[in-house]
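Labels run A, B, C and D following the written order; every chain starts at residue 1.
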Amino acid sequence: MQLKEECGIFGVYNKAGIKQLGNLVYFGLFALQHRGQEAAGIAINKDGEVELQKNLGLLSDVFKDSPMISKDGDIAVGHVRYSTTGSNTVENAQPLCARYYKGSLTIAHNGNICNAPQLRKELSEQGAIFHSTNDSEIIAYLIASARIHTGSIEEAVKAIIPKLQGSFSLLVMSPRKLIAVRDPHGIRPLCMGKIDDTVIFASESCALDTVGAQFVRDIKPGEICVVTKDDMFSIEDYCGKESALCIFEHIYFARPDSIIDGQSVNSARVQAGKMLAKQHPVPADVVIGVPDSGLSSAIGYSIESGIPYGVGLIKNRYIGRTFIQPSQAMRERSVALKLNVLKANVEGKRVVMIDDSIVRGTTIANIVKMLKRAGATEVHVRISSPEFLFPCFFGTDIPDQDQLACIKYTHDELVRKIGADSLGFLDKDTVDQIAPDSRLHFCKACFTGQYPCPVPKRVNKLEFE
Amino acid sequence: MQLKEECGIFGVYNKAGIKQLGNLVYFGLFALQHRGQEAAGIAINKDGEVELQKNLGLLSDVFKDSPMISKDGDIAVGHVRYSTTGSNTVENAQPLCARYYKGSLTIAHNGNICNAPQLRKELSEQGAIFHSTNDSEIIAYLIASARIHTGSIEEAVKAIIPKLQGSFSLLVMSPRKLIAVRDPHGIRPLCMGKIDDTVIFASESCALDTVGAQFVRDIKPGEICVVTKDDMFSIEDYCGKESALCIFEHIYFARPDSIIDGQSVNSARVQAGKMLAKQHPVPADVVIGVPDSGLSSAIGYSIESGIPYGVGLIKNRYIGRTFIQPSQAMRERSVALKLNVLKANVEGKRVVMIDDSIVRGTTIANIVKMLKRAGATEVHVRISSPEFLFPCFFGTDIPDQDQLACIKYTHDELVRKIGADSLGFLDKDTVDQIAPDSRLHFCKACFTGQYPCPVPKRVNKLEFE
Amino acid sequence: MQLKEECGIFGVYNKAGIKQLGNLVYFGLFALQHRGQEAAGIAINKDGEVELQKNLGLLSDVFKDSPMISKDGDIAVGHVRYSTTGSNTVENAQPLCARYYKGSLTIAHNGNICNAPQLRKELSEQGAIFHSTNDSEIIAYLIASARIHTGSIEEAVKAIIPKLQGSFSLLVMSPRKLIAVRDPHGIRPLCMGKIDDTVIFASESCALDTVGAQFVRDIKPGEICVVTKDDMFSIEDYCGKESALCIFEHIYFARPDSIIDGQSVNSARVQAGKMLAKQHPVPADVVIGVPDSGLSSAIGYSIESGIPYGVGLIKNRYIGRTFIQPSQAMRERSVALKLNVLKANVEGKRVVMIDDSIVRGTTIANIVKMLKRAGATEVHVRISSPEFLFPCFFGTDIPDQDQLACIKYTHDELVRKIGADSLGFLDKDTVDQIAPDSRLHFCKACFTGQYPCPVPKRVNKLEFE
Amino acid sequence: MQLKEECGIFGVYNKAGIKQLGNLVYFGLFALQHRGQEAAGIAINKDGEVELQKNLGLLSDVFKDSPMISKDGDIAVGHVRYSTTGSNTVENAQPLCARYYKGSLTIAHNGNICNAPQLRKELSEQGAIFHSTNDSEIIAYLIASARIHTGSIEEAVKAIIPKLQGSFSLLVMSPRKLIAVRDPHGIRPLCMGKIDDTVIFASESCALDTVGAQFVRDIKPGEICVVTKDDMFSIEDYCGKESALCIFEHIYFARPDSIIDGQSVNSARVQAGKMLAKQHPVPADVVIGVPDSGLSSAIGYSIESGIPYGVGLIKNRYIGRTFIQPSQAMRERSVALKLNVLKANVEGKRVVMIDDSIVRGTTIANIVKMLKRAGATEVHVRISSPEFLFPCFFGTDIPDQDQLACIKYTHDELVRKIGADSLGFLDKDTVDQIAPDSRLHFCKACFTGQYPCPVPKRVNKLEFE
């Protein structure tokens, strides 16, 4: 599956005085690398002075031999980023670090502001200039403007929330404060942990585990959580709306070892597999998953169906780095550059193959072809999510509707196109049931078209009047 | 498990005239990257002229933006390398490309020549000079010397085989020939495939799959397989000895989707898990594997024991790149930088945990601690290989005997040291049974101390008289 | 001499449709590299879309293998930069490229805005955020704010000029216009040239020669020169003030082959040498210059005095690149890393040595010592400028007054400190006479303390409330 | 002038225990950078262990951030290299560092071995393999072979000298000795200096000055100078032949501040200018030199003729780095990318222009054109060397005879081709007189065709039988 999440964020108020704070932030982001592989940055605040390093590339490339990794600090914010082609420039890397009326202002953002074009236009009409095309700069301007008329940074943050439509899990660092904000629907995850007195915010709980922090709680939808040297308090004026956590965090984006708003991501995937087995049973000899995200659902399908689980596809562990393009000669053979079939496990067998979604359908068609070539007698594709039918405006890179396989083709056409013997999706009316432990409701707009907040007719990130 | 394989090799005689041969070699090596991550190189022979690029680093780093990737060619040889600290210099990267009496001579080597120090001494006494400390240069000298008195490159290769003690899967490229050689015991794997008329040699069959080649056969122990423009023939004078394929290729080194001398690597691992379940049964609630090599054995243990298989540990997919060192503060918390526990699957459960081997025992102790901290009520460690007791002289980086956990501690001490509730190794007398389909016998010297050929008392790679 | 100029700028409105505009800008900047070696950038406007590349380093480093060098374009702006330590970050590199109310806005600036802190404060109080600490961002904000209430970009530029105190030669590129501005005193140079219909602006005329452009004229102090697709016109509302071109452009900064406001730089240096010979004659055997800036004055001294000119010091041509620091052992020997004496020309001779200025006095002391060690019987130092006594606020990196040799020491002390047999400076009352062809008067504030416009009591570039 | 020297060498036996020996070698090579800009390397011997770093590029690029620069050591050898296209690979960079019969063997070579192809063939026939195409590897083999039958490294060196035809200034470092060798004709320079007890060898004396060493003497043609921990002695068996120092060292290659075999390089150039004025007088208003090598001869011409010396051409100081290619549009304008005319000094004047040589004649034609365009009324070209008529086999990159302007054209044709008003070369019968202080005679073969030793009919560096 090739959808891409927009970002991962990580912030620390180092009250316990942990040495080499940069190292802690690095490893926190390292656990969130799956949320963004195109740019990375860390800003460290020491005695009110902020030092920033950010660049395009994976964390390990950006911070190789960097002195940032061993720097001490009082507060720090980090970011990993995915971006669509064209705006993947260093200017768009985060955190954004600026100076304003009251000194330094650092922002790290995960999500997508739907009304960014209007906001950018309004700010421009007041004389604003923009160095980047990302939402963080808009947010920084709004805060800077609001700060003039308010008594504190947190009041400025509070004042601008109503202006922002869309999804945002946000970290705001001022010279002496760290503020975590989650949009009123809680579309993107954000949680809090601690190491002794040191307070940590992270997109996912796996980052807390990675740095040895204790999980405290999730940030509530609409919550503005303010950490100062001596205090921590929340502004909850925007809490209480209908929650709408992106269900794709459970299906694909998040790491399986994360727990989001009470729900284990891995358990949700196993449960999706079990439900698929009930909704789309089929006689078969082995259940396999497309690595990595399909593996847990395949185990679930196996448990529910009684069909043995097996490893059917091996993924090259070194994928994910700079990927050199295959030549025409290689592409024509549609060869197994990223995935290879484990022939011994599928030859002469009826195979149930679980993947997390179908976007354009081309990848899955290649995999089915590989399995058949390796001797699978039947390939039954099961998808651990419903059909993709609608665009996402909240930070998921779903292509235009006219490229979505489930829109372009009827079910039967799609089965033929991917070369499967049968195809079953998770029922969209039951998709909530994959996450029974979740304290939040879900945004399922990509399946249903029902968005939790107003969305633009058409969003063009680079558009500027 | 932290043992390291020495190398992977890949060679092509491009009779079918596939365009952009460099691209094919790149992806062939890419499939072998797990065999060596410290250096990589490709040599392409076009009309008898050899162009070489090699450097320290992963393939994708060495060949990023490289024109080699799109070069055409007649013959090509590639190499990925692991090396011990101290000799990890660019001079030691392979292929080795030299000019001798008869033009160019290119060599790629996987294995370890045990009598290298004596050979180097003898050659020096005849006036040889050495640019590197690797075995390939010795082999090149021997071939160059032998070629003076023989009528062809293949006869020169044949003449020197008796001088080489140890393991060697070897590719030798002359201006117009490509020769594949496997040592008489077949200690390291080597197989042949083809794309139309183009002949390919690779350390493992997964590389053939990756480039869309058809598997032809394994090179026989002792075979010298010679490919020319119009012909292909084998010299089998050294065939027929007792074979001794390194059993660790099946246990750990090779990719699970490879088939070596008739045996599926994945099936061998599943079988080891099944045998473990019989040899060391224990009542438990879940079987988990240490990723990636322990996963298949865990499935085998689950099948045989009936205890459900689950995902218990999540590995950070971005490990394997430049790894930034954790700070003292991070190390003290012995945190989950590389692996994280999937708490939902182990909390309150009796866990059977499968790993492939115990070298020093420190890693496994950390994992057991993580599992217990996550709420596992019991942790029963099962190892899909026998106890490591003897050094390897054939290309595996096993530490000195005094650092091996199975030598330093009694079984009971080791159980306590790693914090497990029980510990079971695969029985060394039955280890051959994990690979019932293998056409070769095995070298199990690291478990038994019985070596297939003479070995030195002590090998120091950098030693030079 | 170690003073550093702040910047060089180069802009093109490519009406003649010259191909590969990036190449032309590159070589234009290459001719201005002496004005700034710490950062470089080029912005190319093609059909209203601006592409920018900038980074720390010399031009050849920043644009090595860059596709920018072969890009076509309609309008382009380039910049080379020198900066004081601490703010030498990529954020401060120019051109600055932002988006505002009316689309893209690109600025390249040579000079120093004295009231930058106040302007930054005022803008901040209106909600502005700053990504950098350079003046260009302030100018961009002022233009963006002014543009809201004005009918065109040139009117916006016109509106802000009165707010800017200090020196500024400025290029402003909007989607369809290129505007060149020179501050009302004309402190920094700026000239115009053309290649067919293509209009070019450059800090110095040597850049016009380098790209094969014809020199048209200098931009007048206070002039706003606006180039559009079909037109070119000037706004001269601010012209007519007392001009004050930095005289150090002639003494040191500018390239000798440039002609600034009618005056040949080389001729000014020769003339300074002639005047020195009259003001400070001395019997001697040879006149030598400290390369490169002292050479022309040495020729002038020779002509006037009749003492033969000779090459006495050889400069390592490779200085100017990454300079590796000499070890303690090397420094103790105060060895000839950058300059070496040409012994044959000074041994046994009475030497007149010309340099352009004395800042701290340490470099010149080393050179005198080298000459004496090589056998010079007398060394008479002549300086082709008056004594440095006052700080510069217009873009020259003169150190604090308490480090200036001419303030710390009396004349006699200074002679002893540098080890010379005599020392003569150009008389400050006659310094204007070095440039008889100049159409502008000069700023000589560093010698006289009389500044052409209000200056701050103390400027701290990084200061921010 | 665009001829290229092959190499510079620098070696130290650090008896005085100077700290950070790498730093000293770096700056010694830095002073020799003009002798080779394409590759650089340093080998440091500490307690018999040799560490080597070398790569393509300028010294400052190769050793940027390198730990080599601060390493201590007992003996060290460094090299800067120029090479013809095609063999400019890292394998060919020097020093060459190998291990042989008696331990480490490090070689740095300046010169060209004419019989290299035959030697390479002979060695190959005995089983040698070659990693590079440079002569050093041949020399290393010869020494390694000779060492078997001799009692010491210096005897081995002595034994091989008769086998080497051509030019060689050579440094050989064994675990405990440093040996400097100059070929029997002394074709390339080599001198000795010292800092306290530390012995230094360098291609030119300017490198001794640069590191603060005292000049001791030149190495004699044919001398083998051996330095050990406690001793220093010379083998002079090959001394006493007719000397033949390359006269182009004085005309162009060497730095003007060097003194070679008693002769100041700068004085030789001034003298050449004086002789030119006598041999080819002309009425004129100004004498200018083509920087940098023509400047001293221009001063000489001025002194002798009484015509004033002036600066007529300004060279961009940043040339010499990575040079980005001008676009077609730039080339068509044949613009002043590297040199610019100082118009004020040539406009309306009759100009005598001195350059050091004419190879193809294209560069000089462009310069004459620039001068005329700038308003010079006459341009009289004077060349401070005789006509180039014959190839060089001793390390100078002179193109094939059919590309040499003095062969292709008659004198009158050449005058027209370069657009000059007159053209005069230094008379080949008097060229020796430029260096009256030289203790050595000269090789003038490129002017006369009379070579000091046998030369091949045709040399192809990459040729291999």
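Throughout what follows, a contact is a pair of C-beta atoms (placed from the backbone, for glycine too) under 8 Å apart; a residue touches a chain by one contact, two chains touch by 3 or more.
Quantities reported herein were computed from a predicted structural model and do not represent experimental measurements.
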{"item": "Farthest chain (mean CA position) relative to chain B", "value": "C"}
{"item": "For chain A paired with chain D, centre-to-centre distance based on mean C-alpha positions, whole Å", "value": "60"}
{"item": "CA centroid of chain A to CA centroid of chain C, Å", "value": "49"}
{"item": "Centre-to-centre distance between chain D and chain C (centres being mean Cα positions), rounded to whole Å", "value": "36"}
{"item": "Shared interface positions of chain A, touching two or more other chains", "value": "none"}
{"item": "Contact graph of the chains (line, ring, star, complete, other)", "value": "ring"}
{"item": "Chain pairs that touch, as defined at the top of this document", "value": "A-B, A-C, B-D, C-D"}
{"item": "Complex interface listing, chain B residues touching chain D", "value": "90, 97-101, 103, 105, 124-131, 133, 137, 140-141, 144-145, 147-148, 464"}
{"item": "Chain D-facing residues of chain C, complex", "value": "18-20, 23-24, 26-27, 30-31, 33-34, 58-61, 63-64, 69-70, 195, 206, 209-212, 255-257, 259, 264, 266-267, 292, 295-296, 299, 303, 308-311, 314, 316-318, 320-324, 326-330, 333-337, 340-345"}
